[in-house]
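Two complexes, one shared chain (chain A), two partners (chain B, chain C).
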Partner chain A sequence: MKYILKKTGFLVITLLVISFITFLAFNIIPGDAALSKLGTEATVDQVNMLREELGLNAPFFSRYLSWLGGFIGGDFGISFSYMIPVKELISGKFMITITMTIMAFVFIILFSIPIAVFTAYKENKIVDRVITFLNQLFMSIPGFFLGILITFIFGLTFKIFMPGAYISMQENIGQYFYYLLFPSVAMAIPKTAMGVKILRSSLIEEKKKRYVRAARSRGNSNLRIYGVYMLKNAVIPVLTFWAMTIADLIANSVIIERVFSIPGIGTLLVSSIANRDFAVVQAIIIIIAVIIIVMNYLVDLLYKIIDPRIDLKN
Partner chain B sequence: MKKLNIKKLLVLLLATVVVIALNGCSGDKQTSEVEDSSSSSQNLNEPQMGGSIVVGIPQDIEDSLDPHVAVAAGTSEILFNVYEGLVKPDKDGNLIDAVASEHEIKDAGKKYIFTLREGIKFHDGSLVTVDDIIYSIKNLADVGKMTSVFSNVEKVEAIDDKTVEITLKEADTEFLAFLTSAIVPKDTDVAKNPIGTGPYKYISRNPGENIIMEKFVDYWGDEAYLDKITYKIITDGNVIVTNLKSGSIDLFQRLTTSQSSQVEDICDIYEGTMNLVQALYLNNKVKPFDDVKVRQALCYAVNPQEIMDFISDGKGVEIGSSMFPTFGKYYVPELTKTYDVNIEKAKSLLVEAGYPDGFEFTITVPSNYQPHVDTAQVLVEQFAKIGVTAKIQTVEWASWLSDVYMARDYDSTVIGVDASSLTGRALLERFLSTAGNNFINYNNSTYDEVYSKIRKTSDENEQVELYKELQKILSEDAANVYIQDMANMVALNKKYGGYEFYPLYVLDMSKIYLKK
Partner chain C sequence: MHKKKLKINKFGAILSFVIVLMIIIGIFATPYDPNKMDAASKFSAPSINHIFGCDQFGRDIFSRVLVGGRTTLLVGGCTVLIGAFFGMILGAITGFIGGIVDEILMRINDVVASFPSILLALVFISLLGPNTGNVILALGIAFIPSFARIVRSEFIKYKDADFVKSAKLMKVGKIRILFVHIMPNIMPTMLATAAIGFNNAVLAEAGMSYLGIGVMPPDASLGRMMSESQAYLSVAPWCAIFPGLFIVLMILGFSLLSESLNRK
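Our next item is the complex of A and B:
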C-alpha cells in the first residue's frame, strides 16, 4: 500500500513539474495564440482585443493556476484554433495513435519472441548469422524511412494499399484497420529487430546456466526448455525495452503520421505548438507523460510477478 | 518433435513474395486496361455532372469558419465556395452580381443601392431577406478584418423588402469591391454552423484531417458539377507528391516545379502565378536602409530572373513594384526596368552613401515558406558581388509574425504579400506612413500626398493614374527590392478538368468537373 502511495505521489509531482515547464516555455517563446489567429491581418489593437477575449492578458500565475484547476477537475480547456473543448479534439486522435501503437506492439511481440528463441537455439549456425545480420540492418533503419520504402514498394509499385487514403473508424472500420497496418509495421520493424537482439543475447546467457542442463537431463523437450524455463528468466531485460518502446511509439508518432498522412496525436501536437494553442499542447504532453510513467510502473510490477526474488524497493 | 525445416520455410516465404508481386502486377494491368477503354471513347473531355474530388490543402482552417472573422488566405479560398457577397469576383477580376441581382452607384460613390436577387436561398433552405443583408453589413463594421473599411458606412437600410441602400460617410468609388464580403443569415453563429448562399454547402470537418462540402442543389446560379468535395490536409511536401501519384488526392495548388514535374503522368499541370508581391522587404527605419541610395544599390545588384531560374526552373513573373500583372488595369509593366542589373552603379551608390566597403545585414525568413528561404540564399550570393554581406536567419512563422510583422524588429525579410481585395489600395495602402500594417516603416510624404488625392476624386481613370504613380514612387524610391510574382503550379488529376486561375486567393470548385 505504501508502495502504491509513494509511486502515485511521485507521478503527481512529475506531472506538475512537466506542466509548469510547458507553461513557462509558452510564455518565453515569441508569438501567442491571438497573433497566430490574426496572422497578417493583425494590428496592435486587434491583437490586444483578441488577447483579452482569449484571456491571455491575465498575469502568469493566475493563468497557470486557472488552467491547473480546470485540468484537475477534468476540464482540459478550449482549443483556440478550433474553438472546441480540448477533450473532444484529442480523444479521437489518441484513439488513432493508440491503435497504431497496439498493432505495432502485437507485431513486435509476435515476431521478436519466436525469432529470438530460434536464433538463440541455432546460435552461430549459418541461419543464425544471416538472421542476425538482417536484424542489424533493420535495427539501423529509422521507422519513418521504412515507412517511405513501404509506401513506395507496397503503395505505389505493388498497389496493395493507397498511400494517403487514411479513412476514419467511423467511416469504414475495415479500411481503417487495413490502412493502419502499414504504418504500424513500419514502426514495428526496427523495434522488433532491437528486441530480438536483446532477447537473443539474454537467452544465450541463460543457456550457459546449470538449470538448463538439469532440465534437459530430466528429459524436457527443447521447446519446453527454451519456451518456458529460459524465456521466463531471459525476458526481464527486454521488458524494460518493450515498455520504453510503447512510450516511444506514442511520443514519436508524428513522423510516421506525416509519412502516411494520418491525423494522429503527433500531428496535432506539432500544429498546436505552431499555433500556440496552449491548452491542447498541455493536455497532450500530460497524457503522454502519464502513459510513459505508468508503463514503467507496470514493468516494475511485471518484474516482481515473473521473478518474486526481485526486490522492488531497491 | 521435428526440428524447424528452414528450407521449407524459405520456400514458403519466397512463394508468398511471388504471389504478392504477381497480385500487384496484375492489379496494375487491370487499371491500365480500364483506362485504355475509357480513353478511346473520351475524345472530347466533356464535363459530366456528379462525382467527387479530394483536394489537398497544406494547412487546416485554424482561424474560423465565420467569413467575417476568417483571415487566413487558405481559409478564404475554401469559404469562397460556401459564402457569397452582394457581388462576387469572376476569374478575370470583374465584379458580378451574386446575392444582389443588380446594383447602382450614386452620388459619385457615396450611395450604393442593391436589389436582392429573387428567390435566393441559404443552405438551410430559408430565403435571404434584406434583414440578412443589413445584419451582415453591420457585422462587418464590428468584427473581423474589414472593420476599418465598413466603419465608413454611415447607414444601411431597407428601402423596401427587395432593396437595400448603403450610404457612406465619405464617398469611395472602390467600395463595391469590398462587398464581396459574405452575406450571412441574421443572428446565426456561422462559426459553428456555416450557412451561406454559395454553390457548395459545408457538411462537416474533422480537425487536422479533412473538411467536407456537398453541392447545394438550390443554388441560384449555374449548378456545380461535382457532388462532394473533401479537403484533405497534407503538410509534407514529399507526401503531397506520393498522394497525388497514388490518387488519394486529386488536386493540389502552389506546388514547386520539382513537385509538379513528378506528377506529370497522372495530373494535368496548370501554370499560373501566386498573386503575391515577393520582395526583399527593407525596414526603412533601420540603418543603412534609411538611405535611399543604399536601397537603390541593392536593387541594382539583384537579378530576379536569376532567382527564378534557381528556385523554380525560370518560371514566375518579374515585378518592379507592389503590384502584380493579374491586377490588370493598375499594373505598370515598365517598372521592372527601373533597376536593370548594374554592379558598377550599385557599388558607386554605396560609395556615395558612405559604405565603400559594403556592410552586413540580416535577412529574416519564415522557415515554413521554402520559396522565400531559397530566394534569400540566392540574394546572399547576388549581394556578395557588390561587397554586401547578408546573413540569413530562419524563424518559425509565429516568431516572424510577432518579431518582424508586429514588432518590426528586423533588418530585412523575404516574404510574399497578397491582395485581400480587388482594389488598387489593397497592395498600396500599407505604405502610407500612418498605416497600421506598414511593417516596412515606409515614410514618404510625397507618397502620402498622392494617396490622399485618390480619395478626393471619383473619376476612376484619375484614380487608376494615381495608383500607377504610387507604384512609380515605390519603385524609384526603392522602398523594397522587388523580385517576382511566383509561379503557381497546380496539379489536377487527368480525370478532371475545369481549373481556373483567379486574381485573388480563390479556388472555384464549382467550375471543376469529372471528364466523361
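Our next item is the complex of A and C:
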C-alpha cells in the first residue's frame, strides 16, 4: 500500500515535470503563434495586439498555470492553422491510432508466445536456428518498409485491399478494422520478432531451474511444463518489454499512417510540425507522454501483483 | 578478470564490411551521377546497366542508394558519438559518485528513456526545423539516456572492484580511476550498446526522412527516396524496394555484429 502511494506520488511529479518541460520548450523558441499567424508583413503593433488577445504577453509562469489548468480540464488550446479547438481536432484521430496499437499488440502476443515456446523447446535444433535467423531478419526491417512491401504484395499484386482507401469507423466498422489490419501487422511483425527473441532467452533460462525437473518427475507433459510452469515465470522479465512495445507502437504509428494514408494522429502531428502549429504538437506529445508514463506505472504495479516477492524499492 | 573471448559473427561482419565499403567507394565514385536525369531510362527496370533500375526522373537508383546510405551512415555514426560521449560522462558521474545527484539525474533519465526516441527527435525537429544537422542533434540527445543508464550500471559494478580499491589506496586521482582504470573494462558493453544505438538511429532517420521532416534536399536520404517512389509502387516497385533492402541489410549486419559482441 505504501508502495502504491509512493509510486503514485512519483507518477504525479513526473507528469508535472514533463508538462513543464514541454511547455517551456515550446515557449522559448523564437516565433510564437501570433507571429506565425500574421506572417512576415505584420507591423509590430498588430503582432502586439494579437499577442495580447491570445494572452501571450502574460508572465511565463502564469501562462503555464493557466495552460496546465486548461489541459487537465480537457482544453488543449486552439489550433491556429485549422482555427478550431485542438481537442476537436485530435479526439477522433486518437481513436484510429489506439485501434492500430491494440490490434498490433494483440498480434504480437498471439504470435510471439507460441513461437518463443516452440523455439525454446527446440533449442539449437535446425528449426530453432532457422526461426532465430528469420527473427533477426524481421527485426531489421523498418516497420514502414514492411508497410510498403505489404502494400505492394497484398494491395497491388493480390489486390486483397485497396491501398490508400481508408474507411472511417462511421462509414463501415468492419471495413475500418479490415483496413487497419494491414498497417497493424506491418508494425507488429518486427516487434513480434523482438518479443520472440526476449521470451525465448527468458524461457531457456528457466529450463535449468529445479522446479522444471520436479514438474517433469511428476509426469507433466512437455506442453504443460513449457506452456504453463515455465511460461509463467519467463514472462515476468518480458512485461517491461511489452510496456515499451506499446509506447513504440504509438510512435511507429506516426510513420505507418503515412504509408497507408490514414488520417490519424501521426499525420496530424507531422503536418502540424511542418506548419509550426505548436498548440497541436504540444498537446499530442503530452498526451502520448501521459499514456506512456501511466502505462509504465501500471506495469510496475502489475509486477507486484504477479510476483509479490519482487523487491520494489529498486 | 577472466578473458572475454570475442567470437565475431562472420556473416554479420562481412555484411557490414561490404556495405560500409560500398558507401565509402561511393564517396569517390558512383556508377552514374546520382542527380542526373535521363528521360530515356525513366522507370527502367533493374538490368546490367542499372542494377537497381531507375526512378521517375531516370536517375540511377544504385548511385542514389550509395549516396543516401552515406547520409544514413553519417547520421547513425554522429548520433552514436554524441549519445555515447555525453552518456558516458553522465553515467560515470552518476554511477561513480552516486548520492542525491545520481538519484535526481537517473529519475529524469528514466522518464526520457521510456519515451520512444523517434518521438523525442520529432519534438526537437519541430523546435529546431528539419535538416541533417538537426536530425543528428535531435537523435543524439534522444540517445543520451540509454547510454547513460548502461554506463552507470557498469560503473556501479566496478566501483568496489579490487583493482579500483587498490588504485584508490595508491592515491590515484578520481578522474584517472574513472577513465583509465574503469573505462577499458566497460568498452565491450559500450560497443554493443553503440551498435544497437546505431541501428535505432538508422531506423529513426529513415522514418523521419520518410515523413519529410528529417534529412532535407539536397542531401540524399534512403527514407525520402522511399516516400517519393511510393506513388509509383505499381509501375516501378524497385524504386522503393532497393533503398529499403539496403537499410534492412545495413541493420541486419550491425545487429548480428552487436549480438556477437554482447555474448561473452
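By definition in this document, the second predicted complex is superposed on the first by the 273 of 314 C-alpha atoms of A that agree within 3 Å, B and C clash if a C-alpha of one lies under 4 Å from a C-alpha of the other, contacts with A are read in each partner's own complex, and residues count from 1 in each chain.
The rule is simple: a residue touches a chain if its C-beta (ideal position, glycine included) is under 8 Å from a C-beta of that chain, and two chains touch if they have at least 3 such contacts.
Bear in mind the structure is a predicted one, so any value in this text is a computation, not a measurement.
S.K.: Contact-wise, after the overlay, does A:258 reach chain B, chain C, both or neither (first, second, both, neither)?
M.R.: both
S.K.: Of the two partner chains, chain B (first) and chain C (second), which one does A:44 touch, if any: first, second, both, or neither?
M.R.: first
S.K.: Under the stated touch criterion, which partner chain does A:269 make contact with: chain B (first), chain C (second), both, or neither?
M.R.: second
S.K.: So in the superposed three-chain picture, is A:68 touching just chain B, just chain C, both, or none of them (first/second/both/neither)?
M.R.: Neither chain B nor chain C is touched by A:68.
S.K.: After lining up the shared chain so the two structures overlap, which partner does A:244 touch, if you call chain B first and chain C second: first, second, both or neither?
M.R.: A:244 contacts chain C only, not chain B.
S.K.: Kindly classify A:141 by the partners it touches after superposition: chain B alone (first), chain C alone (second), both, or neither?
M.R.: Touch status of A:141: second partner only.
S.K.: Examine A:215 and indicate which partner it touches, taking first as chain B and second as chain C; both and neither are also allowed.
M.R.: neither
S.K.: Tell me which partner A:26 touches in the superposition: chain B (first), chain C (second), both or neither.
M.R.: second
S.K.: Have a look at where A:151 lands relative to chain B and chain C in the superposition and call it first, second, both or neither.
M.R.: The answer is both, since A:151 touches chain B and chain C.
S.K.: Touching chain B in one complex and chain C in the other: list those residues of chain A.
M.R.: 29, 148, 151-152, 156, 163, 258-259, 274, 276
S.K.: In the complex, go through chain A and note every residue touching chain B.
M.R.: 29-32, 35-47, 79, 81-84, 89, 92-93, 118, 127, 148, 151-152, 154-160, 162-166, 168, 221-223, 258-259, 261, 263, 267-268, 271, 274-276
S.K.: What residues on chain C touch chain A, complex-wise?
M.R.: The contact residues of chain C facing chain A are 107-108, 111, 114-116, 118-119, 122-123, 125-127, 199, 203, 206-207, 210-213, 226-227, 230, 233-234, 237, 240-241, 244, 247-249, 251-252, 255-256, 259.
S.K.: For chain A, which residues are in contact with chain C within the complex?
M.R.: It is residues 10, 14, 17-18, 22, 25-26, 29, 136-137, 139-142, 144-145, 148-149, 151-152, 156, 163, 244, 247-248, 250-252, 254-255, 258-259, 269-270, 272-274, 276, 278, 281, 285, 288-289, 292-293, 296 of chain A that touch chain C.
S.K.: What does chain B use to touch chain A in their complex?
M.R.: Contacts found on chain B: 1, 4, 6, 20-21, 23-25, 27-28, 60, 62-64, 71-72, 145, 191-192, 206-209, 232-236, 238-239, 242-243, 245-249, 396-399, 401-403, 405-406, 417, 420, 436-437.
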